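Each of the next two complexes has chain A plus one other chain: chain B in the first, chain C in the second.
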Partner chain A sequence: MNALVQVLLLGIALGGVYALMASGLTLIFGVMRIVNIAHAAFMMISAYITFWAFTVYQVDPIVSLLFTMPIMFGLGVVIYRVFFASIAGSEKLGELSVLLTFSLALILEGVLGYLFTNTYRSTNPDYAIKAILFGPFFIPASQLYATVLSLLLLVVFWIFLRYSRTGNAIRATTQNRESARIVGVDVERISMIVFGLGTALAGASGSLMTFLFSFYPGKHWEWIAILLSLIVLGGMGSMFGALIGAFLLAIASSYVSFYFGPNWSPITFFLALFLILLIRPQGLLGKKMEA
Partner chain B sequence: MALLSVENVRAGYGTGPDILNGLTLKVESNQTHCIIGPNGAGKSTLLRVICGLLHPREGRVLFDGVPIQSLQTPDILRKGVSFIPSDRCLFPEMTVLENLRMGGHILKNPKSVSKRIDEIMERFPILQTRRGQLAKTLSGGEQKMLALGRSLVLQPKLIMLDEPSLGLAPKVSKQVFENIKDMAHSGMSVLLVEQNARMGLECANWGHVLDFGKNSFEGPSSEILSDKRIQELYLGKSKPARKKEAE
Partner chain C sequence: MTPLTISKKSNPETEMSGMNQLGLKTKFPVVAGLVLLLALVPLLHLSLGGFGYWLHMLLYTFMYIAMASAWNIIGGFAGYISLGHNVFFAVGGYFSAVLLVYFDISPFLTTPLAGLAAMVLGIVFGLISLRTRGPAFIISTIALTMVIKIAFDNWDYIGGSNGISLPLSSLSNEVVKIPFYFAFYAIALVTVYSSYRIRHSKFGLGLRAIAQDEMKAELAGIQTRQYKIMAFGLSGFFVGMTGAIWGDYLTFLRPTIFLSILVAAKLVLMTVLGGKGTVSGPVLGAILFILINEFFVTVLGGSELNIVATGLLLAVVLLFFPKGIVGTLKDKGLLPQFLDWG
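Right after this comes the complex of A and B.
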């Protein structure tokens, strides 16, 4: 019994990080209908910035969010302007954007591999090896910090979406792009900001990832597959759906890992992906796609 | 001087053919104009051109004497033109109040937006009752009221409606037309596109018949309503024999 609760706690302690990783992906899809296959590659860029800042200047990976997020925001804006500005929101070209983000992911992987080699990396701040005890149970301090921080960031982001003028314009554009135009939202500018924000969220999770999981440039393929299954489960484009999908699958995969061994844990995500596509293709909180 | 003047406008989507073929049309101040015409005649395209969602390939659009055909939508809104598309024009996952606030998105002063929203809620008490509800939970008629209310936040001089009666029960659309008449009485000009030609024309003082992207006929709406030929073609007096133009 205790073991089952312990596994649940470990699952929960990863859920927040998964949610943060997936949030940017689902946000960008919601506003622009772009499935950003390069999302996890952006996480890798931020992970390398964090890794080198830690290794060379001993900057704590959590502190490094202060610069990885703005840097990734800027990178997102530039990439949006160069590659996506002309096709965002277009029904026909929107589908092609998958190819574009796919090749972007390949290019980023190649550049990172060239610059930093394929050695496995991770950061080891002192909390990376600590555990926090709750009676008979424990949670690795790194997971707890990362998940709490992730949830905190998501709450701040939610408040921004709900109460700021730009946030409302983002929500309006997600719900009805045409009507957003009609009330005078500069949809192109909003798309650019959203791409930047989504990339910044990838950056934040990339920094946190460095002390949770080891990484190398090609690792992003594993991550993007997991993240896509999370947001398909939650409902593409729904932030709250991404949160629920993240926790459900983080918990499920930690049980799978407990019963069948860690090697089987990734299969949880793909099994869930198959099942959800069979049973409820729009996801838990998603709306049916309109023609 | 006419409030809105569309001059020889030619427009179409992407690389497609011209939908509007040198269309010319005027809307006078404090008047309600209704545009009727077969499917594919370019009625909705015209409204999209006027509010800057589609830029014309040729021709001019003057509002208050100023050319607006190359302006972006926010600037056209600022000049006093509002547009209500035919359906699904709300933000479904936002509340009634949030939808109204989005109507004032281009205004930077939240206080003046709130004040205007209060006035609109007085005008449409149902919106006051439903203020905290998500827009998607409203009935068809209530959604239309909300769309009307949202477009009034900017206090437009010209309000354009694309098929306001679409998908509404006859009783409800009657009420919507009453609201449109009210707006006209309070000094706004209205440009209406309506499939339900009779209802539209009855609420307007001037009518336009659009065909093949041109203003093929216009006149006081009472005259159009009594015109034999138009009765046959658009008002369903006898069985219409028109061929639908393939787009």
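Right after this comes the complex of A and C.
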């Protein structure tokens, strides 16, 4: 019984991180209908920046969020202009955007692999090996910090979406791009900002990833597969769906890991995806997909 | 109703006879000549020697011609992008490998069965995933790759993540490539011919209707669900067959070789480069891509830069020639007749 509660705690302690990782992905899809296959490759870029800052200048990975997020925001804006600005209104955007971001992911993976080789990397600040005790139970300090920080970031982001002018414009564009344009939202500018924000969120999760999981450039495929499954489960484009999906799957996969071994834990995400496609193709909180 | 007039306009019969008038007589000899010529390359190798590299490059090209043409059946004709086709490649490869290692049956005999195994997987997966479309479908194909990768990595019977070695062929080094050459050649011919027949059948017409507007296709009475599942299964069948022969050719199978995302990326790139939804597009795309790739490998060497080049090429084609070479040339009326097979 104790073991089962412990496994539950470990699952919860990763849920926030998964939610942060998925938030940028679902945000970009919600506003622009772009499925960003390169999202996890962006996480890798930020992870490498964090890794080198830690290794060379001993910058704490959590502190490095202060610069990885702005850097990734800038990178996102540039990439949006180069790759997506011209096709934003195109008819088969869904399909085209998947293939374009797919090619972008290949490019980023190749560049990272060329620059940093395929060696496994991770950072090890002191909290990476500490655990925090709650009576008979424990949570690794790294996971607790990362999840709490992730949830904090998500709350800040939610407040921004809810109460700022730009946030309102973003939500309006998510609901209906055309109507938003009619009421005077500069949809192009909003798209660019959203792509930047989504990339910055990928950057934040990439920094946190360095002390939770080891990584190498090709690893992003495993991450993107997990994250995409997660947002389909939650309902594509729904932020709360992604949050619920993240916690559900983090917990489920930690039980799978407990019973069948850690090799099998990622399969939870994919089986959940197939299950949801069978019973509710639009996802938990998703709206019916338009034709 | 509009859908009816659409189907009347592009009735397969009239289209076929139209093509006859449009020079099937002139382009048939060109293609037949090419097909014969390629069958003679092994003879050249046997009589003069030293064509080993050519045999290898050609059989590799045949393999990708078959796979890209197969991908095109679901990805091009029906417009359902799959990033998980390397699963069929792996299932076909492992199916024949296991039969060889444990039961001593040559993959040359079990290739069609390997194709069928892949087809069954395609149909089962299709029953679940073809309920959705667009981005969610593409995502489910990525998830399929991951599920199979995890399963194969942890399945000791088939060698797990270490892979499985096959017995070496008893043939001498000089001739060992020749049976593989003909096997891939045959698979490529069968796949491209099937793709041509599908393109000009009622089935193919239905698939193209689905690609254009699935709602309307359904309203026009097309069994969209059956059509899609069948297209996906057939597509898997041909890829599964190539996997069986490729595994035997390598004499070593490992999940990372067969389930590499790069294999899936190549199929997409070749088809998009040549022209999605056309018969000759994937063929041309496969040939061109392999030529370009050879060039990159000799000039750039490293496999990492190779990945960058693949990605860049795909991005450029998507942004500037989304219809691919065949589609773009056709729009401008510049497509050579021997490439115009619909």
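We adopt the following convention: the second predicted complex is superposed on the first by the 287 of 291 C-alpha atoms of A that agree within 3 Å, B and C clash if a C-alpha of one lies under 4 Å from a C-alpha of the other, contacts with A are read in each partner's own complex, and residues count from 1 in each chain.
Simple rule for what comes next: contacts are C-beta pairs under 8 Å (C-beta built on N, C-alpha and C of every residue); 3 or more make two chains touch, one makes a residue touch a chain.
Not measured: the values here are computed from a predicted model.
**Q** Please name the chain, chain B or chain C, that touches the greater number of residues in chain A.
**A** Per-residue touch count on chain A favours C.
**Q** Examine A:179 and indicate which partner it touches, taking first as chain B and second as chain C; both and neither are also allowed.
**A** In the superposed model, A:179 contacts chain B only, not chain C.
**Q** Give one of first, second, both or neither to describe whether A:165 is in contact with chain B, with chain C, with both, or with none.
**A** After superposing on A, A:165 lies in contact with chain B but is clear of chain C.
**Q** Touching chain A in the complex: which residues of chain B?
**A** It is residues 51, 53, 72-74, 77-78, 83, 85, 88-94, 98, 101-103, 105-106, 150 of chain B that touch chain A.
**Q** Which residues of chain C touch chain A in their complex?
**A** Those residues of chain C that touch chain A are 79, 81, 83, 128-129, 131-136, 138-140, 142-147, 150-151, 153-154, 213-215, 261-262, 265, 268, 272, 302, 304-312, 314-315, 318-319, 322.
**Q** State the interface residues of chain A toward chain C in the complex, per the touch definition above.
**A** 29, 33, 35, 83, 86-87, 94-96, 98-100, 102-111, 113-114, 221-222, 224-225, 228-229, 232, 236, 263-264, 266-267, 269-271, 273-274, 277-278, 281, 289, 291
**Q** So in the complex, which bits of chain A are touching chain B?
**A** Residues of chain A touching chain B: 165, 168-169, 171-172, 175-176, 178-186.
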